[in-house]
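In order of appearance the chains are A, B, C and D, and numbering begins at 1 in each one.
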Amino acid sequence: MHHHFIPTHYFRSLGPFAPVLRVRSGDSISTTTVDASGSDLNGVNVTPRGNPQTGPFYVEEAEPGDTLVVKLDRIQPNRRSGWARSVVAPNVVDPSFVKQLPDAPLAEWSVDIDCGTATLESPLSNLGRLTIPLEPMLGCFGVAPLRQQAISTATSGEHGGNMDYRGFVTGTTVFFPVFEPGGLFFLGDGHAAQGDGEIVGTGIEISMDVTVTLRVLKGKTIQWPRGENADSIFTVGNARPLDQCLQHATTEMLRWLEQDYELESLGANLLLSQCVRYDLGNMFDPAYTMVCKLPKRFLKSG
Amino acid sequence: MHHHFIPTHYFRSLGPFAPVLRVRSGDSISTTTVDASGSDLNGVNVTPRGNPQTGPFYVEEAEPGDTLVVKLDRIQPNRRSGWARSVVAPNVVDPSFVKQLPDAPLAEWSVDIDCGTATLESPLSNLGRLTIPLEPMLGCFGVAPLRQQAISTATSGEHGGNMDYRGFVTGTTVFFPVFEPGGLFFLGDGHAAQGDGEIVGTGIEISMDVTVTLRVLKGKTIQWPRGENADSIFTVGNARPLDQCLQHATTEMLRWLEQDYELESLGANLLLSQCVRYDLGNMFDPAYTMVCKLPKRFLKSG
Amino acid sequence: MHHHFIPTHYFRSLGPFAPVLRVRSGDSISTTTVDASGSDLNGVNVTPRGNPQTGPFYVEEAEPGDTLVVKLDRIQPNRRSGWARSVVAPNVVDPSFVKQLPDAPLAEWSVDIDCGTATLESPLSNLGRLTIPLEPMLGCFGVAPLRQQAISTATSGEHGGNMDYRGFVTGTTVFFPVFEPGGLFFLGDGHAAQGDGEIVGTGIEISMDVTVTLRVLKGKTIQWPRGENADSIFTVGNARPLDQCLQHATTEMLRWLEQDYELESLGANLLLSQCVRYDLGNMFDPAYTMVCKLPKRFLKSG
Amino acid sequence: MHHHFIPTHYFRSLGPFAPVLRVRSGDSISTTTVDASGSDLNGVNVTPRGNPQTGPFYVEEAEPGDTLVVKLDRIQPNRRSGWARSVVAPNVVDPSFVKQLPDAPLAEWSVDIDCGTATLESPLSNLGRLTIPLEPMLGCFGVAPLRQQAISTATSGEHGGNMDYRGFVTGTTVFFPVFEPGGLFFLGDGHAAQGDGEIVGTGIEISMDVTVTLRVLKGKTIQWPRGENADSIFTVGNARPLDQCLQHATTEMLRWLEQDYELESLGANLLLSQCVRYDLGNMFDPAYTMVCKLPKRFLKSG
C-alpha cells in the first residue's frame, strides 16, 4: 500500500513518541521533510531548528529484536535553494590552526534539479560561483533507540540518527535494529549535496520530497545500521573517536558475513582483509560516523 | 638522468643515514624493494623483517625547508606470490569482540601480472579461491624526519613512513617536506593489493620493481605529505586517533589551497565544505593515516 | 524543610519524567537507592537492572538556565554486602592483551560500616581476603538532559549521569545545569568503594541511604557539572575519548574562574598552568569522565 | 662508585648515540641538566632549545631485554628563577573555545629553595603574586629506544622520554626496558613545579643538580616504564589518545602483578578492580602520558 503523509509537527529527538501514521510491512510512504533549520518547501520556518524529523511511522509487524528495512525510493529537493555553513568546524583542523579560521557567514546555494547541480550564490569569497553535482541524501534518519531513550537529532547511535553519510541516496536500502514496538521510523535533514565528514557542520540544507518503502525482517537482529546499494553492502558505526566508529562498523560487517553469507569466521576475516573499504560519515556531531563497505563483486566469489 | 640502483643493504627506520646514491633534481631511479619480511624477488630472505627500505637517495639540491617531489613512475611486483595476514587486528573491532577473532595463519596469494589479479591460494577457509584485482602500491616510503630523528618503518609522521594508503600507485606524485640535506628518500613495503586501513596489518606483501623520478621544489615548505593524481590533489595526516589524522590532513589542505590556488581563507573553506573527500590509510600502526582529497574538477571553478 | 521519600518505582534513563516529589530550594530529602542491579537493602530485586534511579525530584524554583546545587549530606550503605565484577573491561587494556583476560565471575564483598571496610568474600583467586576502606559514593546521578532527551543511565553528559567519580562522597557539593522546569533530579548506583576509572565496569555495588539538600541558583548558567569539597573546586567532562573529557572539564574550569573568581582570562590560565589537577572518573561507559580540579588554597592567592 | 659528570654537549633526541660516561650497575652519578630552552644554572644558553638531554650514560651490564633501574636520589633546582608558558594549549580546551584563549607571554617564576616555594614574578594578570610549593621533578628522561630509533625529546614512548609526570621526584625509583647495549640513559627537562597534564606546555622550567643511581636487573624484561615510591607502585603508558595511554599502563600493571607478586590473572584483576588509581602525565606532546598506580598497602594483603 502507498501512503501519502503530510507532516503537521516534527521531533528534534528520536524516541518512543506517538506515531503519526501506522503502516504495514511492505507499505510505501511519500512525505516531505523540512530542512535542518525547520523551513519547508516555501522557505517558511514551520518548526524550531535542529534537524526536525518527520514521523514517527509505526510498522505493525515490527517488534524489538526485528530489523526494519528502509528502501530510499526517492529523495528529491522540493525547492530551488539551500543553505550551508562555509567554514570548517574547529574540531576538524589542528587545534593550533583554529585561530586562523575565518568568520563564518552562511552560504546560499541555488539548486537546479533539471541540470542536477548546485551553485554557490553569494560572492562571499574569491572562489566565484562554484557549481557542483547534486547528490540528494538524508542526513538524519532512524528509529526509536534502545531502552526508551529519546536521543537528540544532533547525534547518532545504534538507532541511526544524524549520520550524514553521503551514501544515503535514492536507491539505497538501509537496515535498522528495532528497539520499540512498531520500530518508529523518523526522517529529515535532507542535503542537496555534502562533502565527506560534513566538516562545516552542514551539507547544502534543503527540504525534500521523500518516498520510502518499509519492511520488517521478523526475528532478524542486528546491532548497528546496515545498508546496501547496487555495488556494495555496508555497515555504519556511530561513536567517538573515529577509531571507535570503525571498530563498530567492522565488527558488524564480520557478524553480517558470518551470519548471512555462509562464511565461517576466518573466511569473513579473509574477505575483508584485502577487499574492505571505509567511508567517512559525519565528523562534526557528538558522535562521528564511519562506514565499513564491501563491494558485492567479491561476495560472488564466496 | 636515469639511474639503475641495486640495493645491498636495507634500513628499518627512516633517519639521517649514509646515502646509497646521490642524484640530481629531475633524475629517475629504477630499483627494487624487498617485501615487508625482507624477502626478494626470488623469495629469499636477504634482510631482517619490518618493512626494510631501499635507499636513502640523496638529491643534491634538496635542503631543509624545500619540498621533495616523488613521481611514482612504476610499481610492479617482481615475483609471482605474496603473503598476507588473514585476521583483522584486535584494534579494529570492538574490544568485546576480540575474543571471537580466530587464530591467524598467514595467507598465500598468487599474483598474475598479466591478468592483473591476485588469487588466494591456500584453502584456509570456506571462502574458496577469492580473486581480486592487482593494485600495486608502496606501503612505506618517505624521507629522513625532522630533528635528525630515526623513526621506525612500523609507523609514520610528517616525513611519510608506513602510511599504507591505497592511493600510492603508479602515476601518483607525492610531495614530502625536506628535513635533512639531500632529503634522503627511502622506499619499500610493496603491496600487490590492500584493503582500506590495512586492517589485518598487511596488504599482499610482495617485492617490487620500482621507478621514481625525484625533483626538488626550492624554497617551497610543506608540513605534511601531499599528493596528486589524474583526478585529485590530496594531503596526508599521520597520527592517532583517526580524528587527529583528519585534522592534520584538513589543515594541510587549507594551507595548500590558500598558498597555491589563489584562494583566500574563506574561499578555501567554501571549496572544501561540499567537495572534500576523505580516504583511510593505515589503521594498524602506532600512527594511523587519513587522506584529505579534493577532486581537481572543482579546482577549475576557482 | 526535610522530606522523607520512599521510592516505589525507578527509572533507567534521565529524562523529562513525572516527578515523584516536589520540593523547594533549600529543602533536604532523605531517601534510598537500589543497587545497579535493582536490588534493595534486603537484597531483593525490586526493579530491572541498569543503575535504576530514585526520583525525579522537582525543585519549584528551578528553570532552564539556572543551576541546581546538590549537597551530598549522607551516602551510607544500608546492607552488609555488595557485588562487583572482577575482571578489567576489554577497553582498558591493549587490544592485543584482551585474549589473556580471564573469565569474569562476580565477586561478593562484605561491607562493615562500623569498621569502615569492605572485604572480598569469595576465594575466587589466590588474592585472599583483600580488605579495603569504604568510600561510599554515588556512581550515577544528575538532572533531566537538554532538549527533552531521555538518556540511559549507562552513560553520561552535560546533565551528569553515570560518571562514576570517586569524589562524589558525603560532604561534596555538586552543581548541575538545569535544562527542564524543576530540574528533575535523579540519583542511584551507589558504590561502597570503587577504583579509579571503574575499570571492571562496577564499583562495589550496594543499596544506600542517601540525604541530599537541593538548592537553586537563579540565573546562574553552567555548561557541565561542577563540584566543591573541603579542599578543591572541580569540573566534570563526560565524553569520549578521555582527551575530550579533559577538554570539556578544563574549558568549564576556565569559565568558572573567569566568571566567579574575578580573574581575567590570563589570570585564570596562569592559575591552572602550575596548579591544576585531574582525576579519572569512568572509563567504562559509552561516555568516559574526567575531572579538572583546583585546590582551594591557590584560590586564596587570587 | 659515585661519578661526578659535567656535561659538555646535549642531545635533543634519545637514540643510540656515543655515551659520555660508562658506569657499572650500582654506580651513582651526580650531574646537571639545563632547562628546556638550553639554559644552564647561570641562565646562559649553552645549547639549542627543546629539552636538551644530559648523557647518555652507558651501564656496563645492561643488554637488550634487561631492565634499567634509575633511583632519583636528588633533583634540586640550581638557580633562582624558572620560566613557564602561561596559557593553556589549544588541544586541552574545547575546539570551539580556542579563539577565546588569550595571547601567551612567558611567565617568570622566582624559586626559593629554602622556603620550598615558587612565586609568580611578573604582573601579567590580575592574579597577583601566586606562590606555590616546589615539587622539583624531571620532565624528560629515559633510554635509547627500540630498533635503534632516535626519538625527539618532544615526545615519549616505551623508552620513556617527555612524560612530564609529577611523580618523577626525588626518592622515586623508575624502571626502563633496555633496548640498546648499555641502556644509554639520558635526563633533562627539570621542572621546579608543574600542573597535571603540563597543559600549558611547560612546567616551571629550570636547570637542576641531579643525582641518580643506576642498576641493572639482568634478564628482567618489561614493556613500559614502571616506578615505585614510598606509597605506590606504578606503570606508565605513553601514546595518544589518553585512552591508549591508560590501556598500555593498565596492561603493564597486570603483567607486573602476575609476574612479580605471585598473583594469578584473576587475582591481579581483582586487586586492580577496586584499588587502582590513575594519574595524568603529559597531555601536550605528540604522545600523552597516563600512569596506573597501586597503593602498596593493598599489596600487603596479597
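List of remarks:
Here, a residue touches a chain if its C-beta (ideal position, glycine included) is under 8 Å from a C-beta of that chain, and two chains touch if they have at least 3 such contacts.
What you are looking at is a predicted structure, and each value in this text was computed from that prediction instead of being measured.
Contacts with chain C and chain D are shared by A, B. The most distant chain from chain A, with centres taken as the mean of CA atoms, is D. Looking at A-B and B-D, the interface holding more C-beta pairs in contact is that of A-B. Per-chain Cα centroids separate chain B from chain D by 34 Å. Distance between chain B and chain C, defined via averaged C-alpha coordinates, is recorded as 47 Å.
In chain D, 91, 95, 240-241 are the positions where the chain touches two or more neighbouring chains simultaneously. On the side of chain A, the complex with chain D involves touching residues 89-91, 95-96, 98-99, 241.
Chain B contributes residues 84-88, 91-95, 97, 100-102, 107, 109, 118, 120, 124-132, 193-197, 199-200, 203-204, 240-243, 246-248, 250-251, 254, 262-267, 269-278, 280, 283, 288, 298, 301-302 to its touches with chain A in the complex. On the chain D side of its complex with chain B, the touching residues are 12-13, 15, 50, 146-152, 154, 239-241, 244, 286.
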